[in-house]
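Lettered A, B, C and D in written order, each chain numbered from 1.
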Amino acid sequence: MQDLLGLPIDASAHGPEIDHMIAIVHWLMAVLFVGWGSFFLYSVIRFRKARQSKADYAGVKSHMSSYLEVGVALFEIVLIVGFAVPLWAKRVNEFPPEKGALVVRVVAEQFAWNIHYPGADGVFGPTDVKLVSADNPVGLDRSDPDGKDDIVTINQLTLPVGKPVIVRLTSKDVIHSFGIPLLRVKQDAIPGQVIPLWFEPVETTENIKERLTKRYQIKKGEYDPRFTAMVAMMDYVDTENNLIAGKGNLLFPDVIDMLAEAGHNEILAGPDTPMEIACAQLCGLGHYRMRGYVAIKTQEEFEAWLSEEASYLPE
Amino acid sequence: MQIPYTVAARPDTGLHNSKLGIWLFLASEVMLFGALFSSYILLRVAAPEWPHGSAILNVPLATLNTVVLIASSVTMVMSWASLMLKDFTKYRRYMGLTIVCGLVFLVVKVFEYGAKFSAGTFPGEDLFFATYFTLTGLHGLHVVGGIIVNTYFWGPGSRMWNTEPRRFTNRVEVAGLYWHFVDLVWIFLFPTLYLL
Amino acid sequence: MDHITTEDVKKHVRGYVIVFVALMALTIVTVAISYLHLDVTAAIIVALFIATVKGSLVASYFMHLISEKRLVYLTLILTVVFFAALIGGPLLGLHDTIQ
Amino acid sequence: MQQSATTERRHVESVRHEEHAGFWRTYVFSIDHKVIGLQYMMSALVFLFFGFSLMMLMRWQLAYPGKSIPGEVFVLLPAVISAATLVIALISKRKLIGLVGLTFAGLAALVWYLVSDEVLFPDGVMVPELYNSFGAMHGTIMVFLGVVPLAVGGFGNYVVPLQVGAPDMAFPRLNMMSYWAYFIGGVVMLASFFVPGGAANSGWTSYPPLADIATTGQTVWLLGMVFLITSSLLGSINFIVTIVQLRANGLTYMRLPFFVWAQFITAFLLLLAFPPLEAAAVLQLMDRLAGTSFFLPSGLVISGQALEVSGGGSPLLWQHLFWFLAHPEVYVLVLPAMGIIAEVIANNTRKPLWGYKSMVYAVIFLGFMSFIVWAHHMFMTGMGTVISTFFQTTTMIISIPSVIILTALMISLWGGSIRFTVPMLFALAFLPMFGIGGLTGLPLGLAPTDIHLHDTYYVIGHFHYVVAPGSIFALFAGLYYWYPKVTGRLMNDTLGRIHFWGSFFAMNGIFFPMLIQGLAGVSRRLWDGGAEYAHAQDTLYLNEVMSISAWVLAVFQLPFIFNFFWSIRKGKKVESDNPWDATTLEWQTPTPPPHGNFAMVPQVYRGPYEYSDPKSPKDYVPQNVA
């Protein structure tokens, strides 16, 4: 059922539980729809006027339908008691201890995601609305010792794999919604409120990229718009062995044309940024482009990334 | 065929049309003011601090207004009772008094608002004043509406007394139900805004 | 008001005067209490209690709710239930947020 | 029935007055429920068409993001309709059809004005602001100016008094005021396209703080809403009083046609759910005009600038007040539709509705429950376990009465002698289509699954299945079904069948792909339809499928619109006042019913759907036959 539904790849620890539940609900829906649908079609055909010239005043006398309704009700009780409530409780009550987790602040604004890491000391520096400026989007007080080493990125959420992440979510202006489909995470970012959420990524984005890599037919002069968000997933050379597009190269129209010219009628391509933060709440004219990128790295890569970011910090 | 039960009550419900109509209308008004009360409670519970109404609002004036409005409710119901007793002159007198009370209420309100405005206090001041102005303003509009209706029944509308006395009495009763409701809303607004 | 006699109305009128006096008295009581500066919870309870009593008096006597028809009661009960939901829901939402 | 001589006299006068009243009194400021019903119906149809036109323009942008729009093509449709209706008006010499033709010409002009505007469509490409504003107005217009006025104001007004055996609505003048409040509300909404910054663009949900800081169009939207709410309130009081007080002799509650029951419950929803939105609208108006901050928390920074307000407000307060209305409102969209379906199915299966009583109890229960499920639209606002459990449970509970009603309707088919008339086709299609829409509500109603689906196209797919091939189909069924009562003529059958089949496939072509996109995680309200998102790539091709289906759907409305106007004069004449051999009271009047409807109060002897009673020689027994 999960494949049938076309759910995206699932890269978080809790995701399969949600997917499982989506699948179960859709099974119920399918059973009801097919069941009632068959009854419906049969009745419509069997009792058409041409076949049944006189209607039966009493109609159905059995109580099947009541049992069925009770059945649906019972199923729904099971869904709520057995799945919905415990799953939700796990999401909102059972936060992992902050010690073993990565804590980040996410401050949404029209139309960007500001990501705030506590830095080496593990403590967030104080923030103040008055300090907000173009190069200090979260209003971080750099003069405070806690704030000195904090790292702030825009639209780039980098996380280590296999470690719980706690996000403290808020917004500067209007309501946004922090949604990462591939992590089965969604939470509205509400100004004036800080709402925590947590998840645990279990797969690196590199891995996901590989998994999403597919063969695509190409032709000169015909550009599949999907290529705008894709990169080549192996090195491509022309007849003289000159590199046209290396692994990771963006697939612009001219690149495609060159590839086709060089005789490649099939290429391996994968999404450039497979995992994204999609703002799910209408937040103004730029809502459609309020997109953040999630990179899930191995612990070592993540630490390397952190120290690189730290090296850019103002002294 | 014509519309039944405009005057007499329908036997199984015991109500005539406009009586049921006005109660339904009042039910919707309960939800309107209810929603505003609900907002008030929510905002106040969530607020770190909330000013004490009596410290910044004019309690004596509001008390006066409470008295005036309650009095107007009594005169309103008396005007209906006078019609029931077939005493049209008394009806006019009581209805007139009701209108006057309504106007007094508004005049006092104008003074209250005026004092706040001239002191530079506007709805945008803080949440307290925002709720204060919105709630009393909306209530004030209801008072204005009531005065218009009552004035109509005091003046031109009262001609119906000569042609259809029962129907006219019903109309006054219905107008009265509305007016009492407006009074009732004030009875709750007064302590919540001014005293707490 | 189909079966109301002149006698009934006269009785009503006496009732109105009593209710009027009671309302005035209660108004004075609320204002007086507010000058006592009770603590907030007590003040809210007392003030709303008195307001409810006053409101019930107006509704019961001036609006004749005390002798109204079943249909009107049903409508109002329904309204009160939804009103309660309208207050309860958002308040619950306020208190039961993810911390 | 007691009545004083004076009222009698006044009434006679007013009837006479009506006869000599002339155009204005008869058609414009009429107090006859049937005329008002038709006014509602025509206005609502035009608004539906307009709401659809906005969406057709938006669907261009979704299918071909960033490509220049062929404005002429989109103007063509209303222009053709306008020309055709004007021709029909000339042939049949009907001023009113001419009026509609002019309205469509106005619509064509409005569309032209919009697409040729260099600011809104630089190089023919719709700007994101405009996309948002069209989206908000599409939602608002469809819900508040299209479906509800058609279902409640139109069919409710025309049919309910007839079905309860009443001469008119209880308060005819209030009824007229209700229509005009709606009309003004509609005009205000349309006018908002011309204010600086354009129409409201914060979604039909108008969530603050976004809506609080939006352009002037939002203020106009709020004012328009105040008029529409007033209209609904006046209307709902009228319906309840009419149904309670004006029922004919012998017409007990359990003998009411299901349509009347549906309207009755709907009226309660409108009466008690709308005022909180009115309150919310007042608060938002205060925020926008008087500088208060009911919905604005402290410390907002808008585009790098601290917002100068006192703060302290709560954005979620709006959501509570809005959904307190808007959830019941969605049942307002569907209950009258179910009512129409019940009438049509009983009539065309030639047998009583199965489980009529359980349907009535179900609809009462549904109405009650609809007031306490609203926060299922707010699962992602940071709800804890207690409140989310409460609202998930109520949401699951409310699906049960829907299942009961649908089940009863479907079982009613069993043993029938089904006539596939055009209204019946629409009614039959309603069942599985509402089924899909309703069933897709279940995963949305469970908080954990809603995490993935909230604010994606899955939600859009869910509710369009219930409102478009659901409610709109039911409304089409109603139009075809009651048309002969109003005009004395039938609509053309072949054109009706073309309309049905075309609409049926096109609707599924639009809305099924939405569910697929939603499961893939594509957000709603995206100007480019998700073109940039990696997770959307695999389902992007569906955007074009949906758009083409939408335009095809539009083309298949042409036979309907033509049929609708043409048949007024040229349709096949009905042979009797009761062409469908129906049982309910509206068919026991002359066609069209005169002012005052019935010569005397009808006496009702039986339930609403006495078809094929073995004790009776004919296959139907009208309610007023002893």
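Rule of thumb we're sticking to: a contact is a pair of C-beta atoms (placed from the backbone, for glycine too) under 8 Å apart; a residue touches a chain by one contact, two chains touch by 3 or more.
Because the structure is predicted, anything quoted here is derived from the model rather than measured.
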| item | value |
| --- | --- |
| Chain nearest the overall C-alpha centroid of the shown protein atoms | D |
| Subunit B and subunit C, separation of their C-alpha mean positions in angstrom | 14 |
| Rounded Å distance, subunit C centre to subunit D centre (Cα mean) | 38 |
| Distance from the mean Cα position of subunit D to that of subunit A, given in whole angstrom | 34 |
| Subunit A and subunit C, separation of their C-alpha mean positions in angstrom | 52 |
| Residue numbers of subunit D (touch at least two other chains) | 244, 272-273, 276, 314, 316-317, 320, 324, 381-385 |
| Multi-chain contact sites of subunit B, meaning residues that touch two or more partners | 8, 13, 15, 20, 24, 27, 31, 34-35, 38, 42, 46 |
| Overlap residues in subunit C, where contacts from two or more other chains coincide | 71, 78-79, 82, 86, 90, 97-98 |
| Chains grouped in pairs wherever the two touch, ordered by label | A-C, A-D, B-C, B-D, C-D |
| Complex contacts: residues of subunit C adjacent to subunit D | 71, 78-79, 82, 85-86, 89-90, 92-93, 96-98 |
| Subunit D residues within the subunit A interface of the complex | 127-129, 132, 201-203, 205, 207-210, 213, 297-304, 306, 311, 314-316, 349-352, 354-355, 380-385, 388-389, 392-393, 396, 399-400, 403-404, 406-408, 410-420, 428, 431-432, 435-436, 439-440, 442-443, 446-449, 451-456, 516, 519-521, 523-528, 530-535, 537-540, 611-614, 619 |
| Parts of subunit A lying in touch with subunit D, wherever the complex brings them together | 5-8, 17-19, 21-22, 25-26, 28-29, 32-33, 36-37, 39-40, 43-44, 47-49, 52-60, 65, 68-69, 72-73, 76-77, 79-80, 83-85, 87-89, 91-93, 109-110, 129-130, 132-134, 139, 172-175, 177, 179, 181-182, 184-188, 190-193, 195, 212, 225-226, 228-230, 271-276, 278-289, 291 |
| Residues of subunit B defined as touching subunit C within the complex | 8-9, 13-15, 20, 23-24, 27, 30-31, 34-35, 37-38, 41-42, 45-46, 54, 59, 63, 66-67, 70-71, 73-74, 76-78, 81, 84-85, 169-170, 173, 176-177, 180-181, 183-184, 187-188, 190-192, 194-196 |
| Residues on subunit C engaged by subunit B in the complex (per definition of touch) | 1-2, 4, 6, 9-10, 12-13, 16-17, 19-20, 23-24, 27, 30-31, 34-35, 40, 43-44, 47-48, 50-51, 54-55, 58-59, 61-63, 69-72, 75-76, 78-80, 82-83, 86-87, 90-91, 94 |
